[in-house]
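Look for subunit A in each of the two complexes below; its partner is subunit B in the first and subunit C in the second.
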Partner chain A sequence: MPDLGLNVLLKGKNMQRLLSGLWTAMRISLIAVAISMPLGILLGVLMTKKNPVVRAVLRVYLEFIRIMPQMVLLFLVFFGTTGAFGWNLSGELSSIIVFSLWGTAEMSDLVRGALISIPKHQYESSEALGLSRSQTFAYVIIPQTVRRLIPLSINLITRMIKTTSLVLMIGVVEVLKVAQQIIEANRMASPNAAFGIYLTVFLLYFIVCWPISMLARRLEKKWKD
Partner chain B sequence: MDWTVIAEYMPLFREAAFLTVRLGLTGIAIAIAVGIACAVVLYYRIPVLKTLVSFYIELSRNTPLLVQLFFIYYGLPKIGISTNPVVCGISGLAFLGGSYMCEAFRSGLEAIPPIQSESAESLGMSRLQVMRYVIFPQALSISVPALMANVIFLMKETSIFSAVSIMDLMFTAKDLIGLYYRTTESLFLLVVFYLIILLPISILGSLLERRLRYAGFGA
Partner chain C sequence: MKKRYTAVLAAALALALTLSGCGGNASGGSDNSNASGGSANASGSSQASSSGEGSGAASGKTVYRTLDEIKESGSINIGVFSDKNPFGYVDENGDYQGYDIYFAEQIGKDLGVKINYVSTEAANRVEYLETGKVDIILANFTVTEKRAEQVDFALPYMNVALGVVSPDSRVITDLSELGDGDQVIVISGTTAETYLIENNPEVKLQKYDSYATAKNALENGNGVAWANDNTEVIAFALQNEGYTVGIPTLGSQDTIAPAVSKGNESLLSWINDEIVALGEENFFHAAYEATLMDTYGPDFEETLVVEGGKVTQE
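For the complex of A and B:
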């Protein structure tokens, strides 16, 4: 039986290198998540406001970001800013910018959806009970919105983690790139290592994302009215 | 921006766009078929198959398409399953899309109250007829918004095909940037062509959603 990559994986620091590549991708997504969650909440609240100018501007931003493949956005920021303004952004910085922009757009849409899904009678009933406007939000609206929002935003986090695998295409050395390097370096000794190494990367992503998805599903089930 | 360059690149991008659409639609069609099959398995709770389908769904939903494609394209040939880029792209898209489509159809099927199938059965319909004439049409109209969202999502995901050297829009843009440094023109055409492909689908989605909203009985 020829070696399918297990030996290569156990050789030297290969597994460690693979994991540090995974961490590079995770770091990008975690920074982007940290930026886009608060910004997304802010934009989502702004979108429920009546001001037509604010709404139109936000809508164009949201629709453009959401309809473009993330890979196109990466190219626009990575190559486009160099062409247009002469900036020389690193791959990692470009990807953080892109995933923050994209995450903010997706998050704001989730927030807007959660806010408008609260029926009007909730506001009216709280008013009828004599609650002030801030009390209405603090005790009635926000708790309900948060329950709808948390499972959806956890799902968004897994989507962002999965999408960071694209940063390979603008030259960031993440887990797939490390995998390629390891396979190349061992091409003579074990030509079939690609199978095992790519399978490992596949499983690594699964191990990261699966628990998060499970958490989202459990919370969704628990908080279902 | 140089318009003569744009005119020169236009045919290249048009070819690439056709390829993108063709591969995308093929992959999506297979994904829908896989999705329906899996949703039916889950709906009838067929033993063994049910476990396999849930396993597949978890695997496919929790891994990125790029990693799936790399495994199919570079990994599988090492154990004797070789593919060409096009087959690899389509099967990757179908593997990813199948689970998303399955979730869309399953939520539709589960939204149909049991009284529908009970009534149909009491009218003397066979199990297949109940599915074909009563449950599925209603479930489909409930699933349409999720289905269209998935179609847009999968069409966007085709941009990853360039990683396994399929000459799609992304590949063409990257190639032209690398060869001639015509960054602005290439990126402009890239955005325009993706808009040409994706905007109509998005608009069709909202039209369909409005039209099918009343198809459910008493809903």
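For the complex of A and C:
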């Protein structure tokens, strides 16, 4: 067994620090997910409406967020708001704002895509069967939309969790930053620690994201028929 | 970079406000302006330069806290590196350690305030001061003319030059040895990056955001050499078998100094007095022996340490 420098993890509070870094990353992404899922669904539905003003505004919002690298958004919210308005947002709050804006934008486009992918004949058949408009949505459209949305939104959620590694740029010490700190503090005593620690970080991200994927798979199976 | 941010800021925030409704923050902002209202007049000149950055929405607010405001609040925010052993790093108990920290602790003690360490990266140190999110940067900050336009440097406490380290299998002793496909690793926002862009634009750079990622890149052979402060590359070559500092000094000798927000006169002069006073008790030599001796050995003590803010040219 090659020396992976895993003993470094057992020194002092290192393991505990890594886990608290992971918790920071989770807190940011899960709060952002909780905010952006419902908001994204709402905006996604609005995007399918015919109103040109609503559509234009949402389009600009979506494109803006999608084009901007998350790093730039983080700098904008963390440093930019202080420079322009004198708000002193904490790094964590800035991260939650950016991740919510991003998640909402992407989610809304996923919802819009899922909604317009329902063929027109589904609406027409429902009408022919004598279903009211709300019944059409409740029994025909929404079940099909949700089934299409599950894999897409799970993908988005795991992406949001992994992208929290960027928040170290605005001073938030999350799991990856703690890992780098541990590697650096021990660079003389255990020069090989980098591999072992990054492996541990990989496992931590995996442990968090795997159950989410499992849940998605179970839901997909359950709703198959 | 900054201008680009501010240009799109208005649009971003209009969206941010309408879509996520952050009303709670607005009240925090007004507190801030009240607190700094008293010192706004004293620093009229610095305000002119900061509003020249193009941030239209920036009213004439002072971003920094004066010495008295820091003392009153009972705590000081100091931006340091958290992954740059032996200057600023975090030990296994989660405590900050290193040469910069040794000095920071003394500042906290002499000011009689609690220290709140902020983990900064090389690429965002200037932004932290420009927005007043920290009071002092003590993150191995090299004094350069360009940075001096954005922040105010105090007296220096360390010497530094650039150096280039490369693997023993192919030691680069001059930048002209670099071939067409060869890339040199640098960390974004460091002096090494600026120097190479200005003086050797033909050198292809491979940029990394943090020290740890740049180090990994060299170890994995992503680039043929790594340009950084010479303290860094000397220490790296001493500790890692198979690497040699082919170019020990590149460009001119620079100094490392604490920095404060542009125009923060009261804090700046307090730090300068502190550095001179500490020089009388040979404080920075003690700091070297406590934190840097293990890494650089006794040979580099006089080369690296600047005592009492006085640089002795060799």
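In this text, the second predicted complex is superposed on the first by the 198 of 225 C-alpha atoms of A that agree within 3 Å, B and C clash if a C-alpha of one lies under 4 Å from a C-alpha of the other, contacts with A are read in each partner's own complex, and residues count from 1 in each chain.
As a convention for this text, a residue touches a chain if its C-beta (ideal position, glycine included) is under 8 Å from a C-beta of that chain, and two chains touch if they have at least 3 such contacts.
Everything numeric here is computed off the predicted structure, so don't read it as measured data.
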| item | value |
| --- | --- |
| Room on subunit A for both subunit B and subunit C (clash or fit) | clash |
| Which of subunit B and subunit C A:Gln181 touches, first, second, both or neither | second |
| Which superposed partner A:Ala194 touches (first subunit B, second subunit C, both, neither) | both |
| Subunit B versus subunit C as contact partner of A:Ile97, first or second or both or neither | second |
| Partner chain(s) touched by A:Thr82 [first = subunit B, second = subunit C, both, neither] | both |
| A:Tyr205 touches, of subunit B and subunit C: first, second, both or neither? | first |
| First (subunit B), second (subunit C), both or neither touched by A:Thr163 | first |
| Touching partner for A:Asn14 - first (subunit B), second (subunit C), both, neither | second |
| Which of subunit B and subunit C A:Leu131 touches, first, second, both or neither | neither |
| First (subunit B), second (subunit C), both or neither touched by A:Val173 | second |
| Where subunit A meets both subunit C and subunit B, residue numbers | 68, 72, 75-76, 79-80, 82-84, 168-169, 183, 191, 194 |
| Touch list for subunit A against partner subunit B, complex | 4, 67-72, 75-76, 79-80, 82-84, 158, 162-163, 165-166, 168-169, 176, 179, 183, 191-199, 201-202, 205-206, 209-210, 213 |
| Contact footprint of subunit A on subunit C as seen in their complex | 4-6, 8-9, 11-13, 15-16, 19-20, 22, 25-26, 28-29, 32-33, 53, 55, 57-59, 61, 63, 82-85, 89-94, 97, 118-121, 123-124, 127-128, 130-133, 209-213, 215-216, 219, 239-240, 294-295 |
| Contact footprint of subunit A on subunit B as seen in their complex | 58-59, 61-64, 66-68, 70-71, 74-79, 152, 156-160, 162-163, 170, 173-174, 177, 183-184, 187, 190-191, 194-195, 198-199, 202 |
| Residues of subunit A defined as touching subunit C within the complex | 11-14, 17, 35, 39, 61, 64, 68, 72-73, 75-89, 93, 97, 100-101, 104, 168-171, 173, 177, 180-188, 191, 194 |
